[in-house]
Amino acid sequence: MAAIDKTTYQEIAGNGSDYLSLIGWLGVFVAAGVAAAFYMETQGHVVTGMTNQIVWGIPHVFAVFLIVAASGALNVASIASVFNKTTYKPLSRLSAILALALLAGGLMVLVLDLGRPDRLDLTYLKQNFRSIFAWNIYFYTGFFAIVVVYLWMMMERRFNKYARTLGITAFVWRLALTTGTGSIFGFLAARPGYDAAVMAPLFIAMSFSFGLAIFILVVNVTYKSSKRPLGDVISFKLKNLLGVFIAAVLYFTVVQHLTNLYAAEHAGVESFILLDGGAYTLMFWIGQILIGGLLPMALLFHPATGRTSQGINIASLLVIIGGFVQVYIIIIGGQAYPLEMFPGFEVSSSFFDGAVHRYAPSLPEITLGLGGIATALLIVALAVRYLPILPASLADPIAEKQPASE
Amino acid sequence: MTDRSPTEEQNVDLARRRLLAGAAAAVAVAPGVMLVATGASARPKGVAADANKRWGMLIDTRTELSDWDTAIDACKTEQGWGGGNNPATDPQWIRKVAIRNKSTGAQATFPVMCQHCENPPCVDVCPTGASMQRVDGIVLVDKHICIGCRYCMMACPYSARSFVHEPVHNQRPHMPRGMGTVESCTMCVHRVDKGQQPACVEALQAKGSNAIMFGDLNDPKSEISRAVSAHVTRRIREDLGVQPSVHYQGI
Amino acid sequence: MRLVTRIFSIALVGFTLAMAHSAPASAAEDGSKVPMPSPSKAFKGEQCVEPVETMRRDHMLYLKHQRDDTLRDGIRGEKYGLNECIDCHATKSPDVAGGELRTIEPFCGECHAYAAVKIDCFECHTGAADDKPKQSSSLPIDHGELSDKAMLMSMMENYLDKGATK
């Protein structure tokens, strides 16, 4: 049986000018994102950086990053309900809200970047069940439904007893969701950059890491700005967990590239990413490995920085930046490297066969992507203002007494 | 464009593949005879495409290089694409690809377009079923339900598909095209259904070239089936198991 | 489940698309500027492919069914094809190509403006009639002669019908 939750949850006051201007700015970014999408839809994708070779541009990077992070953001709730770790229980509601918000933001970007977003209803009305995309539509909508009900069960005292069952359902469901998202790439046999086997576990590790990093930042920022107490116990637990997840991402990244190196036919794309891919190589070593992996690990585990909220915040921010770069390399880098139509031959054509494809993100695309992030944050900001999501206090004594009160 | 490299040069490297190179000339048949031999005939009104057929092409890469411009121009005229000035985003339903063997230096140039795979990856990945295969093997985009997600373009091993990046005007009445959807070679399905040959094939025959042969690969008596069984042909990226319907001879 | 997914999809992008697509709707709502529908007479033909009442109500079903039949199954030359509609219903209009070409947009557009329906068909389909002499026309050889009679007939029919509905 689940422990009875004695935490007091309370809406944040949200009257200050800080809160209002935050809402205002987020609103501006959301509106700009929608306007950018409208511009792209009426002018055509010629106003974006995409081409017939790089068909998924930076909106897909934003979208995949947000969707992957959404699943990871549910971690805290899962750990609390599935593994009965009561320390995390008070933060379950926020975890669920953040997961919903990130998924909504990601899907908004994905959908508004379609060539014909006005035909969205067809994704439900006409489905090809061999397509992993069609499956993902169910994974995404199912995730929404399950997490909404889960949240409701947690918030309605008389339904608390069902929360655990739903928590487990949500946990399993979002593993499937992340696997499904990773498999979008795994199914592309013709593209040497995407190796089927390791993509799924890599994406799961990425989701844990990115989602938790965003979660930590949201907790720290909301508690600081609403002047609510936040104890070290919960903070340190979260940061240790983040350290483990960063290590997992690094591990699977190594596996990804090692297995690719052993497959002779992938040697070309491997040396492109790791050695001679110019910007992509730089992004890989500096952005993904250093900024997204080694640096935050050092910050989290160094006694001087790992025990300060500043150190933890910066580490989380670095994980987010590095994670974004990682998704960029997977999506854009994977397309920039030419298809191997004639292995062993030099290939050229008016359609840029055999050449490394260029891509430069355009302003409308970036605006749309930022609009997705703003949408996610706006949902969180409004939720904590109007719903009892956040515990009034996460000070150590309460957080520590939790296990005892079980 | 370095179109003028001599034909012999292209052949050096792959000569061993052409076991029956001499026989290639025998394949050339007068256009009138071709029409019968393709197995193409006009279907009556109200009759669906024939599941017993499998339309395919055989491309002989050892021909005049100018043939490929003829074929590409014919396609542009028939289908109404081309003429843009954004090379990176303008659609190309068929294009001329030049390859050069890195170790021997031998070269070849030939057209690449939708290979009308028997197991088309674009059809597998399409979320709405817009990317589709007719029962006679022709792979098409049903633009009525294409949402423009571009997953098919990610999946295609041949970069055969284009996304319409800009508003389109002056479409051909038989070939509707529109912004925000994906398009590619239709094997001139509107002509094939009338018993005609694809525009590229017809244009080549008009100038006396047999560089692209069209016909029913399922019919052992068709010209193309006989050619494919008589000579060693090659299909691009056969290792992927997608079973393209377009065969190449001479590479 | 379908309902849930629909609601979700609407909530997600509904407002964006509403922005893009409600423009003609709101134009129709203020009523004053939009004329009552009076689709132009058929250019040729004595009667439609189905009774007029049926066509008014169900033309979209015929079209959508036909387009799947043609595109996906390869069934050609049937009477519900869009090119058939164009052949009979396209008219010259000063708004389109300076009145040079016969196009179908005015015919389809009039009711749709009134009913606030937006169709995308003519982003791809040209809508222009192919009046060049054809080698193998599916129409009667003497349709030029027919069309005058048809015009008169349909004019009468039209006035009778419209009188009742207005």
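The chains carry the letters A, B and C, assigned in the order they are written, with residues numbered from 1 in each.
As a working rule, a contact is a pair of C-beta atoms (placed from the backbone, for glycine too) under 8 Å apart; a residue touches a chain by one contact, two chains touch by 3 or more.
Predicted, not measured: the structure shown is a model, and the values here were computed from it.
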{"item": "Central chain (distance from its CA mean to the mean of all protein CA atoms)", "value": "A"}
{"item": "Label of the chain whose CA centroid is most distant from the centroid of chain C", "value": "A"}
{"item": "For chain A paired with chain C, centre-to-centre distance based on mean C-alpha positions, whole Å", "value": "46"}
{"item": "Distance between the centres, which are taken as Cα means, of chain C and chain B, whole angstrom", "value": "35"}
{"item": "Between chain B and chain A, distance of the C-alpha-averaged centres to the nearest whole Å", "value": "41"}
{"item": "Residues within chain B bordering two or more other chains", "value": "167, 179, 181"}
{"item": "Shared interface positions of chain C, touching two or more other chains", "value": "120"}
{"item": "Where chain A touches two or more other chains, by residue", "value": "41, 117, 120, 123, 137"}
{"item": "Interface residues, chain C side, partner chain B - complex", "value": "64, 67-69, 71-78, 83, 120, 123-126, 128, 130"}
{"item": "Of chain A, residues touching chain B in the complex", "value": "41, 43-46, 50-53, 55-56, 114-117, 119-120, 122-123, 126-128, 130-134, 137, 184, 187-191, 335, 339, 341-342, 344-353, 358"}
{"item": "Chain A partner contacts - residues on chain B that touch it in the complex", "value": "86-92, 95-103, 112, 121, 123-130, 145-151, 153-159, 161-167, 179-182, 236-237, 240"}
{"item": "Residue ranges of chain B touching chain C (in the complex, touch as defined)", "value": "43, 45-49, 132, 134-136, 140, 142-144, 167-168, 170-173, 176-179, 181, 189, 193-194"}
